[in-house]
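Each of the two complexes below includes subunit A, the first together with subunit B, the second together with subunit C.
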Partner chain A sequence: MTLLTVDNLGITFGGLVALDSLSFTVPKGQITAIIGPNGAGKTTLFNIITGFYQAQTGTITLHRDAGPLVLNGKPDYWIARHAGIARTFQTSRLFPRMTALENLLVAQHNRLMKASFFSLAGLAGLAGFKKAERDAIDKARFWLEQVGLTGSANVPVGSLAYGLQRRLEIARSMCADPALLCLDEPAAGLNPKESLELVDLLALIRSRFGATQLLVEHDMSVVMGLSDKVVVLEYGRKIAEGAPQQIRHDPAVIRAYLGEPPDEDIPVDIAQDLDKC
Partner chain B sequence: MAYFIQQLLNGLTLGTIYALVAIGYTMVYGIIGMINFAHGEVYMIGAFIALIAFLGATVHFGFGLTGGLIAALVITALFTGLWGWSIERIAYRPLRGAPKLAPLISAIGMSIILQNFVQLSQGARVMTLPPLLQGGIEVMSDDSLTVNLSWLQMGIIGLTLVLMTGLTLIINRTAFGRAQRACAQDPKMAALLGIHVDRVISATFVIGAVLASVAGLMVTLYYGVIDFYIGFLAGMKAFTAAVLGGIGSLPGALLGGLSIGLIEALWSAYFSIEYKDVAVFSVLILVLLFRPTGILGRAEVEKI
Partner chain C sequence: MSDWRTRGKTSLSAAVLAAILALPILGFQLSETGTGLTVLARLHTVAWVFVAVGLGSFALTSARAIKWPSIALPAQTSDRLGWALAIFALALPFLPFADRSLIDKATLILIYVMLGWGLNVVVGWAGLLDLGYAGFYAIGAYSYALLAQAFDISFWLCLPLAGLFSALFGLALGFPVLRLRGDYLAIVTMGFGEIIRIVLLNWQSLTGGPNGISNIARPTLFGLTFTARALDGGKTFAEALGIPYSANQRIFFLYFLILALALLTNFLALRLRRLPLGRAWEALREDEIACRSLGINPTNIKLSAFAIGAMCAGFAGSFFATRQGFITPESFSFIESAVIVAIVVLGGMGSQVGIVFAAIILVGLPEWFRDLQNYRMLAFGLTLLVVMIFKPSGLVSRRSPTIVLKDPA
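Now for the complex of A and B:
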């Protein structure tokens, strides 16, 4: 079952080709990792999927039970609301002056606005809204528990440790019941222990909640330990796609990461200079 | 002593009016980081709509005093809210991604357009409304003076407190309020959570305009004199109030408004009335020099 199809996607910035006829699929309920050297176009791809950039060529299609949904040309809030695509960033993008609980409630904004008749029913204290608000708080507390932050529900998130903020961001994304969760380097800046906890959390989200995840990550232990499928980019092109084991031994991937093996000997005079050093 | 108390009450009344206008400055600054210099004109338009609506309701449709006031309040809020929405839509939304100076200049242009529009359509002469609500209660008296708190002053202070409480509840307790705060802190992330940021910004302008229009209605009743130019000075003073309280902060707007009202009233009472505006704007300069974040404002922490 495919959830997302990226077909022939391309975008250039001035003369720079950031993505060049990129095609791949994201299987439903699995974790797909996008890897590649710096500048390969991974974050650009996320920016296009979430509606921040508009692609110049190609299409992105989300396959839902209700039928396919083309995401090109749609604004960011529309993609979040109607396609159910949630995203985290390389650094914490929580609302720093809100509590952890409020951050998770903001993610349920549209449902609450509808239930509260654009907040009017909420002000009047109508029963239907009270129930929706209670459900939203229950859901937020559930996810706080999942990421181990129950005790910090009413703490302004700006004062939480960085590792906890990253976990809270994932919880916030899950509060929106996303069809697709796009995680941009979730392990960046985490220590090895936090990194392991993150892998456990993402695996739990896959096994228990069946959420499809698209992961951009540099930490290979996270990528290899977690993903069902890996797509490798270099200079905006796809150079490999497949299971992690396959990718690990792919010559094109090794070349992209480690460079070409030297195909001519170093000239003698330079070699002598190097010896002297 | 009685003289002091009387000036205190007058200052508080004036201060709540400034506070209502200051909220519009502070909320708009909080969400898009611009000073809406056309906001004083929104207040002026509110005063004109209030006058027209009140006279229309009482003279033309034969409403009584209370009915006329309620009709004026509703109509003023409705139409001024629409003005606020349109101003944002026409003058600021097209400049959303532009450098910060562009919307600022657009705001000044909007302010000039609105002043001239009202001057041309309503005339340059001063409009007057005879005092409607006479009487009040005697607070205290000593041998020289009786301190009087008029019904109108009570109404102004009371209505302001109700509106302030309502706004605080909306911002802190409702889904819309959370979205509003989220957009103020990180609009791009708010959009990625499915919030229609432009709509929240529009709603913020409407709320600011409605509160300013209530202030306009109050001024029309309190002073009974309005003209097309009142928005400039009142707007600048409300802006001073917002900066004094800490721009971006709602309680700050109330605190700043009351402070400016008291400074103005007490300066007029004990020093020279000609220099009351000088006193108010000196406060603006002093705040900007010594505490640019205002009383309740937060210093922006640059993340490295």
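Now for the complex of A and C:
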């Protein structure tokens, strides 16, 4: 079952071809990782899927129960709201002066806005809005528990440790009940222990909430341990796609990461390292 | 900075620099002698500047060297302070020292408090630097004046209409500038504020141009007027209560009117802040890209902030028109916008209580120093400087959360 189809996607910035006729699918309820060397176009791909950039060629289609939805040409907030695609950023983009609870409530803005009848019912303090607000707080509390931040609920998030901020950003995306969660290097800047906790959290999101995840990541231990499918990019092109086991031994991938071997095979020690991860 | 020697050196160099600058500017005076002009040396003024700047700089650096106790108010105290201020404002006219001029000054301060609270929604919460706020203030004032004159509508019906009209203008002017942020937004809004003033100045047939509009209808209380004699068939306030007429009654009525309007603005703003809309304003100020990624349409959120801010300015403008009885475009120049922005920034960008204190300092103090005439604005500048040096993030810079998780642990 496919949730997202990316077909023949292309974008250039000036003379630079950032993505070139890229096609792949994202299976529903699974974790798909996008890997590739720096500058391969991973974040550009994310920005196109979430509507922050517009693709010059190709289509992105979301397969919902209600029928397929083409995302091309839609603004970013529309995609987040109507297609249910949430994202996190390479460097966390929380609302630093607001508390953790407020951050998670802003993620539920559209639902609450409707419940408050564009603030009118909220101003009048009607029961319907109060109930919706209680539900939203309960949901926020639930996700704070999942990321272990309940104790910091009333603390401005700018004062939290970096690792906690990254977890909170994932919690905030989940508060929007996304159909697809796009994580841009969630393990960047985390220590090994925090990385392990992150893997557990993402695995939990997959198993318990069935959320489909698209993951850009450099940390191979996270990618190999977690993903069901890996797509490898190099210079904006897909060079491999498949299960992590296949990718690990794909010669094109090894070449992309390590360069062309001079004459002989890969040096033994590097081959061993590759097998380890 | 810490020991007195370096402070002395700093002060000395500041004094020398000031004296060098003062020499060509203040050191000479042209005076008429018969048919010609002679240059008089006024070197004593330069000496005064030297001494004043030297001592001032030394006092300032010394004051900064001292570790002042921080006066960060906890959220609860800030709330209580707000209530205490509101009760004080209600009781003020009944206090023994409250005379006509005091109430008049308090009314003026309250106009600026209300404008500050309105602009705070735009600048303090939504983070959109609006330097053309006086434009909406003008639209409110002219709407009231023109509606009241043309259709003979009462103040109480005009008030919401003027607010609505200003809000519509806020939407119309907000729309084209939404893509801009920061400095660019400030420049464009400043331009809009000036455009409004210049249109009012030149649209002679409608607004009376530089002559303005006079004889604007005074407000009534349930049809009771505050004049010495009742107009055709009506009743005056004094007659209805069976008390002798006094001009103070109108002054006091205006005071309570603006107090009620200001408190209503405050109530509306604080209430909105705790709703999803208010949180979206603040989230937008913090990070617009994150807002987009969460499905928030920034256009709607910004426009709502603009419109609500403009509406408050419209209410304040109507009140201004009815209080003065006479308005000209002169009253809505850029300096008005600048003062209101200064009040919001000085108050602490987002703090309602801070804005009250800032308005008292920035509007009240110059009023009390009116006797100093031309040096009045010097007091204004000095206050700004002192606050910027000692409280760079505003008088009350602490942000209180819009919602609290009751049992977090």
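As a working rule, the second predicted complex is superposed on the first by the 262 of 277 C-alpha atoms of A that agree within 3 Å, B and C clash if a C-alpha of one lies under 4 Å from a C-alpha of the other, contacts with A are read in each partner's own complex, and residues count from 1 in each chain.
One rule holds in what follows: a residue touches a chain if its C-beta (ideal position, glycine included) is under 8 Å from a C-beta of that chain, and two chains touch if they have at least 3 such contacts.
No experiment lies behind these values; they were computed from the predicted model shown.
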{"item": "Fit or clash - subunit C, subunit B, common subunit A", "value": "clash"}
{"item": "First, second, both or neither for A:237, with subunit B first and subunit C second", "value": "neither"}
{"item": "Contacts of A:151 with subunit B and subunit C, given as first, second, both or neither", "value": "second"}
{"item": "First (subunit B), second (subunit C), both or neither touched by A:95", "value": "both"}
{"item": "Which superposed partner A:137 touches (first subunit B, second subunit C, both, neither)", "value": "second"}
{"item": "First, second, both or neither for A:87, with subunit B first and subunit C second", "value": "both"}
{"item": "First (subunit B), second (subunit C), both or neither touched by A:248", "value": "neither"}
{"item": "Of subunit B and subunit C, the chain that contacts the larger number of subunit A residues", "value": "C"}
{"item": "Subunit A residues contacted in one complex by subunit B, in the other by subunit C", "value": "50, 52, 75-77, 80-81, 86-87, 89, 93, 95-98, 102, 105-107, 109-110, 112-113, 116, 118-119, 122-123, 172, 176"}
{"item": "Parts of subunit C lying in touch with subunit A, wherever the complex brings them together", "value": "268, 271-272, 275-277, 279-280, 282-283, 286-287, 289-298, 399, 401-405, 408-409"}
{"item": "Interface residues, subunit A side, partner subunit B - complex", "value": "50, 52, 75-77, 80-81, 86-87, 89, 93, 95-98, 102, 105-107, 109-110, 112-113, 116, 118-119, 122-123, 172, 176"}
{"item": "Of subunit B, residues touching subunit A in the complex", "value": "166, 169-170, 173-179, 181-182, 185-186, 188-197"}
{"item": "Residue ranges of subunit A touching subunit C (in the complex, touch as defined)", "value": "50, 52, 75-78, 80-82, 86-87, 89, 93-99, 101-103, 105-110, 112-113, 116, 118-119, 122-123, 137, 140-141, 144, 150-154, 156, 172-173, 176"}
